[in-house]
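Should a chain be cited, it is by its letter among A, B and C, assigned in written order, with residues numbered from 1 in that chain.
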Amino acid sequence: MDLINAVIVLLNYTIIPALTYGSQLALGAIFVTLIYGILRFANFATGDMMSFGTMFAVLLTYYFQSIGINFGFLPTALLTIPFAIFMMILYMLLIDQTVFKYYRIKKSPPVQLAMVSVGVMFVTQAVIRIIIGPTDRRFLDGEKFILKATEFKEMTGLAEGLTIKSTQMITIVVTIIVVAIMFWFLNKTKTGTSMRAYSDNEDLALLSGIDPKKVVLITWIIAGILATIGGILYGLDKSYRPFVYFNNMLPIFAAAIVGGIGNPYGAFFGGYVIAFAEIFLTYAYKRFLVYILPESLEPNSLMQLLSTDYKFAISFSILVIVLIFRPSGIFEGKRI
Amino acid sequence: MKNYLNIIVAYSIMMLLIILVGIFQSWSIALTIFNYCMISAVMTLGANIQWGYAGLINFGIMGYTALGGLAVVLVSVAPVPEAWSVGGVNMITSLGIVILMIFSTRYILKNIKKSNKRNYLIAGIIIVGLILIKIIAGPAIEQIEAVDPAKTGFLGGLGLPVLFSWIVGGLFAAGLAFIVGKVALGLRADYLAIATLLIAEIVVSIIKHEDWLARGVKNVIGLKRPAPYEIDLQTSPWFINLVEKFHSAKLNLANSLSERQDILNQLVIDASSVYVKLCFAGMFLVVVIILLIITQKALYSPWGRMMRAIRDNEEAASAMGKNVVKQHLFIFILGSAIVGIAGAMMVTNDGLFTPGSYRPMRYTFVIWVMVIVGGTGNNFGAILGGFVVWFLWVEAAPIALFFINLFTAHLPETNEIKVHLINSAPYFRFLLVGIGLLLIMRFRPQGIIPEKIIKQ
Amino acid sequence: MAFFEGNKMTGGYGDGPDIINSCTINVNRGEIVAILGPNGAGKSTAMKAMLGLLNLKSGNISIDGEDISKLSPQERVKKGISFVPQTRNVFAELTVKENLEVGAFLRTDNVNNVIEEIYDLFPILREKKDQVVGQLSGGQRQQVALGRALMIKPSVLMLDEPTAGVSPIVMDELFEHIIRVKNTKVAIIMVEQNAKQALSISDRGYVLVTGENKFEGSGKELLNDPEVRRSFLGA
């Protein structure tokens, strides 16, 4: 019984939150890695682009609510995803045409493009703050919980409760669907293969008749989908604050590089590596150990390896360690 | 000569803008902007050494700035004896353990060949060391932080003159740069950018959360100043006399003695703030000029030529026997140290240390915009970039407000869009700086004052 | 009038100096033509000019009587001109089959038949079809590179030093493959360092020196020409 309680504690406080957070990071990391692999620069506007897409979801959710549209027990925000994605892609293509395209055609070094993306970051942040302001916004409606701690306790008779928030379930399920479709597209379709070919060897791809314009267009479309959905899922789970999205860019970069930048599979797993590391290293294990250790060994302290203040620092430290010892990332092999 | 003309014109325009602020807003605001411009200029000089001279991309400016700020606290604040007595021994022991860990790791790295055994040994040392530190420092930290937490709750500093901290700030930053450089300089440019960005975040999060060190997000206020305090000036007869003399014409217009006294009081208050800022401006100007002379000399020295050679063609330079790795590390440390000095200057100027305010947007990316806008590889350009961008950053909101009012003049005051835009005025600084950066990169990629190609 | 001709081509990369000077190269279907010459003679450049990778100051290029001097490389690929670069000539991160599929990117019909034909030509590729090309040996990679280039069923195949960096045994094998490709009525132009071996399988050869035609003739003629032998064949 104690063992089951201990497992429930872990599930409730570490595994489920880590899977959720990891999914959000994974979507962002694949976005980073796609841009890096195909357009060949580190996009410092990543977080703010995700924020931009989410902003539309927030505004549309408010609008839908005001005219009485809802999605039953699911969040209304899910209904707004297609529209938000559409706006996001439009914005990305506008930026690409007015800003990035020039440097791509000139074949500027990646550093210059990265610096340009800093400019895009500033502009995007300004646009977001001017449109929606910097304040915290919640836009979650519908059922909040799939499983409540009290219900779970009644059901099982265990001392520990298990809570599953609907946003957690939605995040995990939606991520799996989106990522599965994307990997199918990249691996099984002609366009997907041509994108991977372009990423691998641009000159040869051109000699094979692959149209670079089309590759770039599709890359931005996929990037728009990933960025918007990742941003919305994060916003639903926590809340929407433009500033937080900028900060999230850092663990997202960490996930992408840990997974081997340019490699979407690596980015996907990298998201979970970062999330699990952050949560496992900052979780106070006292409650868990109480169940599995004999009473005489019960810990006095919280049994926390690091204070939660250092959550971000953990992902960065992992990244730095990976960069030093294995700059190509921990997942080698097939790239996009 | 034409180049110098450009520089003179650009700087004159900049000065004129600041003077205009003095005339239309207030001299106090103008001087605040001017002082911050100079702090920014020091930062850009540092970043420019790395990027402009050597092509190293350092997105960790924030971390070095914060370390410089930390130096001010650790140097100038008086020590807290109670905190030292409850936890001092343990903290020093922990420091000793850290040093021991570093040296034993170094020893292992030097004397044992690359193998799994070596890795396990190092991992063992780190884990044992961390556990020891946790056991020794943990309770001490709690006790230190419990010492009058509303006011102290930290070990305090050394109680030395604050100007000394500018040098210490530079040394701190140099120390961090040494570690970062050793670790990350081999990375490709964009990886280096990301790695330095993240390392800076780690540094700031340590400063933010280790309250025993510098009170963390509880901030340290009332730091010592190398300049007089306004309140002292306002009661000093010599200062009041000075103000009286300076404004005698204005004062003579007063109708009665009491009115004259009121005007004088107000003038003294204004003048005291201007005087303090002028003192800072003087000190900052000295730093900027010294750094400018040194960096200019360095740029045109054989060493500067070698650095540019390395930047423009690393392989060729290394084939010619130049130690690229060593030079890169050196320049990385040098540039970071200058940024550290700027960080210390800034905290001295503010009189308070607020770790929570260190954000990459303000302390890394804006500085980078300054470097690129000003002109990479050119020290005059870097300084100008610091001035121009900081000026825009501060004055963006008033400028935006002006234009919003201009374009929405026909709308009623209660118009929703107008109200929303007016409330959003502060965010136009991001727009202005972002668009400025994009335009410069597109149409004048070498910056306002380009790097001169030195032939010979 | 040959099938694929580059007449009096003059030009260089970007704004740089002219690398080739009034250089003429032509090839017919079912024929192998080797371009030889000392280092820096403009061999690869002449070939790249025919593909449209550099701007010509003068001269023209035609295929089957049609002037294609103004077309971009991609458009020339559509005309049936395929090119195998010397380095980075495969998609190392894709599988063998995917490499072939990308090679057929411009084809709208079912490519599986073509892939089967390539497998028949290079049986080893059928065996390794699901392997990532980066893991294959040098000789196998060159076969993938040839296979990829053949996927559009080209009428002209241009090879830039196909045997660079492979062992002599693999080189012989590769030359055999090239002859088999030639027998499918493809016009082949190749730049080669291994002049003797290249001439032995070539129908004709051109010797370029400082970007100009110095000698030309059938493989045998060049092999037996004392001056060519002395200057370029090292014997």
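Definition applied: contacts are C-beta pairs under 8 Å (C-beta built on N, C-alpha and C of every residue); 3 or more make two chains touch, one makes a residue touch a chain.
Computed from a predicted structure; not experimentally measured.
Peer 1: Draw the chains as dots and join the ones that touch; what shape do you get: line, ring, star, complete or other?
Peer 2: Contact pattern: an open line, chains touching in sequence.
Peer 1: Among the chains here, which has the CA centroid at the largest distance from chain C's centroid?
Peer 2: Of all chains, B has its centre farthest from that of chain C.
Peer 1: Taking each chain's centre as the average of its Cα atoms, which is closest to the average over all protein Cα atoms shown?
Peer 2: Central chain is A.
Peer 1: With centres defined as the mean C-alpha position, give me the chain A-chain B separation in Å.
Peer 2: So the centroids are 32 Å from each other.
Peer 1: Per the centroid of Cα atoms for each chain, what is the distance between chain A and chain C, given in Å?
Peer 2: About 46 Å, centre to centre.
Peer 1: Just how far, in Å, is the C-alpha centre of chain C from the one of chain B?
Peer 2: Inter-chain centre distance comes to 58 Å.
Peer 1: Do you know which chain A residues sit against two or more other chains?
Peer 2: none
Peer 1: Sort out for me which residues of chain B touch chain A in the complex.
Peer 2: Against chain A, chain B makes touches at 57, 183-184, 187-191, 193-195, 197-199, 201-202, 205-206, 208-209, 361, 365, 368-369, 372, 421, 423-424, 427-435, 437-438, 441-442, 445.
Peer 1: Would you mind writing out the residues of chain A in touch with chain B in their complex?
Peer 2: It is residues 41-42, 44, 99, 102, 109-112, 114-116, 118-127, 129-130, 133-134, 246, 250, 253-254, 257, 307, 309-310, 312-313, 316-317, 319-320, 323-324, 327 of chain A that touch chain B.
Peer 1: Spell out the residues on chain A that touch chain C in their complex, using ranges where they run on.
Peer 2: Against chain C, chain A makes touches at 190, 193-194, 196-197, 199-201, 203-211, 333-335.
Peer 1: Provide the residue numbers of chain C that touch chain A in the complex, in ascending order.
Peer 2: Counting only chain C, the residues touching chain A are 73-74, 77-78, 83, 85, 88-94, 98, 101-103, 105-106, 132, 148, 152.
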